[in-house]
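For clarity, chains are labelled A, B and C in written order, and residue numbers in each chain start from 1.
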Amino acid sequence: MAADPRFFPAGSALTLAEAAAAAGGELVGGDPALRITGVGPLQSAGATEVSFLDNRRYLPLLADSRAAAIVLAPELLARLPEGRVAIVTKQAYLGFGRIARALHPVAPPRPGIHPTAAIDAAAQIGAGVEVGPFAVIEAGAEIGEGCIIGPHAVVGAGVVLGEGCRIGAHASLSHCIAGRFVVLHPGARVGQEGFGFAVTPEGRFETMPQLGRVLLEDFVEIGANACVDRGSQSDTVLGAGTRLDNLVQIGHNVSTGKGCVLVAHVGIAGSTRLGNGVQMGGQSGVAGHVEIGDRVQVAAQSGVMSDVGPGEIVGGSPAWPMRETLRAFAALRKLAGRPAAKPAP
Amino acid sequence: MAADPRFFPAGSALTLAEAAAAAGGELVGGDPALRITGVGPLQSAGATEVSFLDNRRYLPLLADSRAAAIVLAPELLARLPEGRVAIVTKQAYLGFGRIARALHPVAPPRPGIHPTAAIDAAAQIGAGVEVGPFAVIEAGAEIGEGCIIGPHAVVGAGVVLGEGCRIGAHASLSHCIAGRFVVLHPGARVGQEGFGFAVTPEGRFETMPQLGRVLLEDFVEIGANACVDRGSQSDTVLGAGTRLDNLVQIGHNVSTGKGCVLVAHVGIAGSTRLGNGVQMGGQSGVAGHVEIGDRVQVAAQSGVMSDVGPGEIVGGSPAWPMRETLRAFAALRKLAGRPAAKPAP
Amino acid sequence: MAADPRFFPAGSALTLAEAAAAAGGELVGGDPALRITGVGPLQSAGATEVSFLDNRRYLPLLADSRAAAIVLAPELLARLPEGRVAIVTKQAYLGFGRIARALHPVAPPRPGIHPTAAIDAAAQIGAGVEVGPFAVIEAGAEIGEGCIIGPHAVVGAGVVLGEGCRIGAHASLSHCIAGRFVVLHPGARVGQEGFGFAVTPEGRFETMPQLGRVLLEDFVEIGANACVDRGSQSDTVLGAGTRLDNLVQIGHNVSTGKGCVLVAHVGIAGSTRLGNGVQMGGQSGVAGHVEIGDRVQVAAQSGVMSDVGPGEIVGGSPAWPMRETLRAFAALRKLAGRPAAKPAP
């Protein structure tokens, strides 16, 4: 399947040799001069498209693939059917992505401010910035060079965006300092008041002033309709390169290290701290005031209620070390009169 | 309770006979010429309003209901107190709905484009389309006959909407081809970049170009603030009549069959395929690259980690066949020193 | 850490004595005339800032805190290191909040209507209302005195907002009657059609007309991107002072009592009723047509499938009385060959 030209401008064609180079891989077989026009999955890639394989589940598709070449890792080369062409690289997925990017470069900003945008006179707009229809940029905001502010986006008073940020349609930011190349997808909410209040003797709730900020380090990405509340007294911080999927919730005063990955519907309660490279599966959560060490992995739908040490893998609700949780599920299965079997991870 | 006229224009009154006809049911008792002015629940429906009963839990309310008539199934007719009026039909809920619809028809579009809307000269707007304030329709978009584009909605470049679609306030679409009578509720996000990236040898994330689309077949409905990511190389597809509740997440390359029902906070990870008529309870999820057969039912909060065959009912996290999960819960209950009892489904 | 003046106008300074008075507490040690300029957490509060302690977990931070004074409860006074200053009050967190509020009062509305706002001639706007850029206020809407309508907010036809409501950026309301001092955070969705439909004999879904409203009582707060569907025949009601965190889902016909607290990602299915003071942890849910008594507490990630009596504490999925669930987890742990230990709450 070629990318739909209605949405993706036809990429500058590459030769197969150029594609292999872009992937940092070695071309095995095939005509180096063949012109590549696109990329696609094994089952639908055409004769001038490059595909890839990194999930053994899809090995059976190799036989019938019409792809011009298949990017794969050295250990899979032996599985390549007679006469098929491969681009061999240790990072098959990365290499494939770089070919796709070479064919379909990221659209640069179209510098200019849409006539309908509402930009406060006291806002600073950097060189080469694109501002879409009905965008709002409030007083004191600073928009770095080459940012793209999408239609209806609202950049609140005093917000700072570094160079090359991309703010999606309908996203809103307030009380936020963002670094370079930060991405907000449509409808993302950053910097709103956190969920903090005290109870009066009469049983009424009084909102606790939320006097902190959100600090987004370089290359942070925040998914569609995800929410990042500002801190109450300290700041909420997302470390460099951290990526939030859609509909993730980050409570006030939370901090993450560099390169954390939080999948859709993850929720992190207030004042919890994640180390570097923490990965959380979909719909999992962490309670408030908890410390999660570097490189911790949390299984989907798990609920972490207490501190977790570096490198641990935890699962279940409440979350235990994964090995114990799997043993518990196996035991439970047996109690239920079912032959033991490996529970899904 | 009559519908509040501030929000619902007074419906064209029906006679009781016309109401029975609209429901495809039989009037048992009552004056066929009585004028019906509205609908309401058993406990609050007035003397000119029609109510319904399809949940035995509410049988006790029959005695005191003042409703002009109660739509119910034949097997419940015997429970109708002396002197009460019934409209009897096999599909009581459907019949009741059709009476309500006859009294309160869907508001048709008010053809015209609000002067504040920003519509690209290269967009095509069909006949009888209503476009609200501050709506944005980008270059190459095609809006079918009789569509309603709500206030602040953003229809991205090249997006195609078939006849009679309704796009709610603040909803956004990009990279999407939609069929006829598709509904997006407020804040729904369709077509944004999926959550795909590769890791470099230096440990940085590189976004994988997301070169697919979202295909929404006829009558698809997407809830408020729900998210449907576009495909990476293939497309993300929602089959005809599929309904997503609010805050649902659909990952890239996911496909569903016809008439699937996904309740609030459901999450489907990338490249998973659902068959026809799959039903998923609230806060349940499915892992990536999994196949879910036709008519599978997934209990609320369940986590499906592997393929499920047609017609199966699964529950728990990880999800097992429901019968085994219930046995496991019962055994666990016993271990906890609690008298066995039927766990909630 | 002082509040960032880019986002928080410097508060009117207080003396330490005035701070203690604001907190309704007693100053123990320190110079009553000392000028307080801000608030902050124990580890970062400066010599003219007030901090607080109400979580024993942070007791070790007392020794090194440079705070001008620390708000704490009488029972913690003994833990205060020699020479440190305290403001002693039974409600330390509330008292601290009141000092913060005295230093940083809520910004009042800036009366006036932004020239870009689209306000229907048939809408009523109260005295002193602030309306932001691109806000939409439809026919028949009534906006109470001193409301703030944020940028891009959409207040639908006939919607009523009482005095002092604050509607965040991109929030939308329809079919809603709100009391006084109601707050919607950015992207909140209130009043859209509920998830109700009937199945035809041909297997098609027909939308059930959703003819109810949303009633928001005084002081209700709704989090960013949270969703509250309107009723189908009856109304959806949130009781006075109830607070929803971000991304919460409230189905049609749900009602809550006064002062309920629903943490992020909570989902309440249709027609369920919560009493007063119900507290639900993050990612927990309640099935439809269920009754939850006053002051019930539901643990994070729990799934409540049936009625719960007043004052009960439940947890697990399915949710059981917390004591039994903890026993079950302990038993399961033992089965998994792990030394028994207190499972996380």
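Following the convention adopted for this analysis, contacts are C-beta pairs under 8 Å (C-beta built on N, C-alpha and C of every residue); 3 or more make two chains touch, one makes a residue touch a chain.
Protein identities per chain, from UniProt: A, B, C = UDP-3-O-acylglucosamine N-acyltransferase.
Note that the structure is predicted; figures quoted are calculated from it, not measured.
Taken as a contact graph, with one node per protein chain and an edge wherever two chains touch, the assembly is complete, since every chain touches every other chain. It takes 120 degrees of rotation, in steps of 5, to superpose the Cα atoms of subunit A onto those of subunit C. Mostly differing positions are employed by subunit B and subunit C in their mutual contact, as under half of the interface residue numbers are shared between these two copies. Centroids built from CA atoms put subunit C at 28 Å from subunit B.
Across the assembly, subunit B contributes residues 116, 134, 152, 170, 187, 225, 247, 265, 283, 301, 317, 332, 335 that each touch 2 or more other chains. Against subunit C, the residues of subunit B that register as touching in their complex are 1, 3-4, 6-8, 38-41, 44, 55, 57, 91, 93-94, 96-98, 100-101, 104, 114, 116, 132-134, 151-152, 168-170, 185-187, 219, 221, 223-225, 241, 243, 245-247, 259, 261, 263-265, 277, 282-283, 300-301, 317, 329, 332-333, 335-338, 343-345. On the side of subunit A, the complex with subunit C involves touching residues 116, 118, 134, 136, 140, 152, 154, 156-158, 170, 172, 174-175, 187, 189, 192-193, 195, 197-201, 203-209, 211-213, 225, 227, 229, 233-235, 247, 249, 251, 265, 267, 269, 283, 285, 287, 289, 301, 303, 305-306, 317-320, 324-325, 327-328, 331-332, 335.
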